[in-house]
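If you scroll down you'll find the structure; I have some questions about it.
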Amino acid sequence: MNTFGKIFRISIFGESHGNSVGVTLDGVPAGLSLVFKDFFNDLNRRRSGAKGTTPRKEADLPKLMSGVFNDHTTGAPLTILFENTNIRSKDYSKLRETPRPGHADFVAAKKYSGFEDYRGGGHFSGRLTLGLVAAGVIAKKLIGAIQIKARLIEAGGTSEIEAAIDKVIEEQDSIGGIVECRINGLPVGLGEPFFDSVESAISHMAFSIPAIKGVEFGSGFNAAKMKGSEHNDNIISMDGKTETNNAGGINGGITNGNELVFRIAVKPTSSTSKKQRTMNIKTGKLDNLEVQGRHDACIALRVPVVLEAVTAIVLADFMMQEHKIPGIIINKMEKK
Amino acid sequence: MNTFGKIFRISIFGESHGNSVGVTLDGVPAGLSLVFKDFFNDLNRRRSGAKGTTPRKEADLPKLMSGVFNDHTTGAPLTILFENTNIRSKDYSKLRETPRPGHADFVAAKKYSGFEDYRGGGHFSGRLTLGLVAAGVIAKKLIGAIQIKARLIEAGGTSEIEAAIDKVIEEQDSIGGIVECRINGLPVGLGEPFFDSVESAISHMAFSIPAIKGVEFGSGFNAAKMKGSEHNDNIISMDGKTETNNAGGINGGITNGNELVFRIAVKPTSSTSKKQRTMNIKTGKLDNLEVQGRHDACIALRVPVVLEAVTAIVLADFMMQEHKIPGIIINKMEKK
Amino acid sequence: MNTFGKIFRISIFGESHGNSVGVTLDGVPAGLSLVFKDFFNDLNRRRSGAKGTTPRKEADLPKLMSGVFNDHTTGAPLTILFENTNIRSKDYSKLRETPRPGHADFVAAKKYSGFEDYRGGGHFSGRLTLGLVAAGVIAKKLIGAIQIKARLIEAGGTSEIEAAIDKVIEEQDSIGGIVECRINGLPVGLGEPFFDSVESAISHMAFSIPAIKGVEFGSGFNAAKMKGSEHNDNIISMDGKTETNNAGGINGGITNGNELVFRIAVKPTSSTSKKQRTMNIKTGKLDNLEVQGRHDACIALRVPVVLEAVTAIVLADFMMQEHKIPGIIINKMEKK
Amino acid sequence: MNTFGKIFRISIFGESHGNSVGVTLDGVPAGLSLVFKDFFNDLNRRRSGAKGTTPRKEADLPKLMSGVFNDHTTGAPLTILFENTNIRSKDYSKLRETPRPGHADFVAAKKYSGFEDYRGGGHFSGRLTLGLVAAGVIAKKLIGAIQIKARLIEAGGTSEIEAAIDKVIEEQDSIGGIVECRINGLPVGLGEPFFDSVESAISHMAFSIPAIKGVEFGSGFNAAKMKGSEHNDNIISMDGKTETNNAGGINGGITNGNELVFRIAVKPTSSTSKKQRTMNIKTGKLDNLEVQGRHDACIALRVPVVLEAVTAIVLADFMMQEHKIPGIIINKMEKK
């Protein structure tokens, strides 16, 4: 199902080279102010253009198709559409025969028996994250004072990120990276013991971002090497603040009021200019594959804003489950 | 919500020191043979008693309350109950005042305003995994030839697991570990692009197991250090077999027919005999806390069977979504 | 799926002659006082024993298996179990061959390929409504001041109900009836335009009660005969009170603050002492069937309490969706 | 939630006078042929223009925004958009003050605190049924040989429908009606005992159609007047055919292989040219209201195609739950 959420719910649709990509949000409270320019900052962060990312191609203007009236949400489903304007009518048939290693080409062809829209990755394309980022903008507005900051803390195994990218561009290869997300201002008590722990929900959504290979919270994989006496975070205040934060802000699946910290591992872009071997599913013989065009040398550069978005979506849903976002948001401005 | 799954659905209930823990399975096909002893092996693996685990306390006999008739599933909801027989009527009130670091005591008291069943962790207790393991037994039967094997591959930072445990028992401390799960025999095509990728669903459930701090698939966090030219898995056969398996058996969120491989990080048990500091929420002053009783020196030892169970539950649901498990399973034996 | 609800969710399980029937409630706020005797009144109303109903057979004592501690709900899933104690080990094999007209015998055997628990209707039995009534008790407590009253307003086509029942008992036959439900004290604004209108949700649950053949709101089927100028309810107060109530308290699927009124049609009990014809599925020939035992002469007599229960369940869910029931209910009594 | 369905799922969005109305279908199998003209017949039936309906206003051209490629479904979410082209920029502010009796104006203003899009009924408008009809077209293709036929069998209390409409047009009033739906070719076994009986699901969706006041299956409300000995349908063949069909094709919530028959009551259009009284929510005084423009004299005329659509949607979901529609539909034409 292409839907996530219990009360604040998002549904995604579209293909890379079809008519459009988009998202529908259901359960958005009425009365949230929402205008065109609210989307600019995050859509711009996603769009790339910086060194190490592909040159920007699409204007990515969000069209609000429903659910907004007089610059405020109405409480009805809110659909945001991004039309695909920059589609080259090139020949994809050769590419079809040789599924790209590391991409979904092969599995999509099998799963949908050859009926999938294979152009540019179709529904599996990273372009679908446009809808996630747009939904994230609304989620961020809903959760108000909660601050979500994600950033690339390591690329190609080093924290000297710019140097690593320069090098890999020169090599015409690609590198992976680690993105860390820190959330402050959370109340105690978000999340459910079974099966909707904060970790469950965040990892569920984080793995919806293409190219993610791992997720860890707080001490993460390092916890496996630690002793209980070192790992426990002593509680030192009445509101639950702890001396250390190995828990990453979560106990028993529930936020504990400390900073929520997690990291995700991003693999290197699968599309590189290097020659690769793959099965030609028409001839049944191994073939060489050279993926044309320019690619992201470090796709991880574009991940932080998407990770913030999915985190905001998860938290907005939890906040609404806990009745911490009212069903109607009356803004300071005079009401219509 | 204490429910997981789309077609094959499980719901969990119960408390550590209440009347019972249990699980209800909805969507189990009719006609699956199911008898009492089917549960023994996995329940026994979970029960502990080995070195490094707590001494066994409960008989853990599953009572099939509904959904089974003449030793076969009926297609109706299947409820399995485990009565709590070994409950000591000790005084928990002191413990209440001093929430244990690393446990859910503090967050539960806040989230439920002091109405939570705080005895032995209540609904947050590891005892709830009984229901998961029992559900896993049924899920494993449903997915038939698919083989799921989880094992502890590292404890306290070393693969010399027995030695590490001996040492930490001596130190009266606890250690974490890494559990790896490998699944063979999967068809190509399980999972959905958004938002129900195989990674999303497995991580969602894996983080429902207490003490898990991270999940990684295939190359995992190591992918962040790799180059695209190294990371891609060349496809070398018509059925999608790849030369390497950095993808861990998944592309674009969908199984690709190779071995599915993932690992989870387990933190050291929070309960140790070492003295800890915590806030006394009655006095508002810092207090020392000594958790009585015997504890798991390495809780990770007990995780593999639970991880197999949740993995089987996820895969059974995916298999049913793909119509790969029929709605009715007619066994070889003569029908009733 | 044997589950209903979005936030306040109930799941039902069990069979007429199996170990038990029961219900699990998920999403019950913490802190609601709940004791054994809260269930007595409504369980008693359901149990029958009055003229026109079967003689009572079961004690129907609810066992609270989880989710309650110190006489208050904990916020964790709440499972209520009714053990089946009064099961006669009679021979059902003859009955199996001749599926009873008007019952689910035939469809159940087909749907579950003969694996269904066919004893006494199995999972299709009216005994399953025990769980509904128990869940309704909790729902009624949650929605507080909202008053739900259902009563039999017509039996066998007449409002002289007692006389009609006397007559049909004499004839050894059975009769249907109409049950009307009136709800007062509702806020404006419950329900959703698509697809969770108040009518959609109530009818969804009402048709879960065995023997229901129709549902109508306000003017109901009579509306089909009316003119627009007669049917409209003029709004005569600022809080939305209307002169007439053809709408039955709902506009556009949303409660409008007036009395919510609806009626359901209950068919006559299918089990009568009269001889019936049915296919013998073993011999492939038509057979005569005489259903033994005592039956409800007017099953509609037992429906009101069940209808109130499912209505309360629906309304509790809507109230929670609208944030009108807090996540924690602190009772007047001193907190634990 | 604006979503319905378990496997075959539809989500609806849009407003009467906003940018668009539309629908997203999730879970559509890949490989179903789908072209523009497939929608013409049913959209045309819905559009009105016949005597007794409003003059047609919109072209209602469906735009397939995603999920279709090379004239076949891809298995990805399928979004259909209808742009609103014929929106008059008239002044709605007067209308706002005087909520129309029988409409959702009052409840919408309360529920969404004045932020709702009130133009032309907004999200509550009958225009939203465009998405239902379009989704129904796809559902009908999926369920193949199953025949669904709905027709108006009574208007204004008489079966002389044309005459009744002529008369009410002359009177400048409106009338209600009864629509009957008959479905043939159903397999035995669709539907679930609790809580997703066929009646529950169909009534859930039927009440999503504006103006519906009641639903009855088979003998319906007449059952309340019958005796058990008359009501039972004797089974007369091995495949479950019955002599009579008081059950309406359903036992215990499950299809029994006979014709499925149900009826819905449609109220007269609320908008009439007759003067009405309503509360002026600005002045707090009663006001006269004259709704301008041309209206449906008998909205029930336009209901059959919508009722067929929602029925097809329900049945497609049940068929997929029973594995009776494969995940991939390979058409006779050569595969791409």
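When the chains are written out, they are named A, B, C and D in that same order, and each has its own residue count from 1.
To be clear about the criterion, contacts are C-beta pairs under 8 Å (C-beta built on N, C-alpha and C of every residue); 3 or more make two chains touch, one makes a residue touch a chain.
The structure displayed is predicted, hence computed values, not measured ones.
Using the mean of the Cα atoms as each chain's centre, the chain most removed from chain A is C. Interface of chain A with chain B: the two copies contact each other largely through the same residue positions, with over half of all numbers used appearing on both sides. Here A-C and A-D are compared, and the pair linked by more C-beta contacts is A-D. Centre to centre, using the average C-alpha position, chain A and chain C are separated by 44 Å. A separation of 26 Å divides the Cα centre of chain A from that of chain B.
Between the Cα centres of chain A and chain D there is a gap of 36 Å.
Residue positions of chain D touching 2 or more other chains: 1-3, 6, 12, 76, 111, 123, 193. Looking at the complex, you find that chain C touches chain D at residues 1-4, 6, 12, 99, 101-104, 106-108, 110-111, 123-124, 128, 154-157, 168, 171, 173-178, 188-189, 192-197, 199-201, 203-205, 207-208, 210, 212-229, 231-238, 240, 242-243, 246-248, 251-256, 265-272, 274, 276-279, 281, 284, 286, 300.
On the chain C side of its complex with chain A, the touching residues are 6-7, 76, 193, 321-323, 326-327. Listing the residues of chain B that touch chain C in their complex gives 1-3, 9, 11-15, 18-22, 24, 26-27, 30-31, 63-67, 69-70, 72-79, 81, 111-117, 122-123, 328, 330, 335-336.
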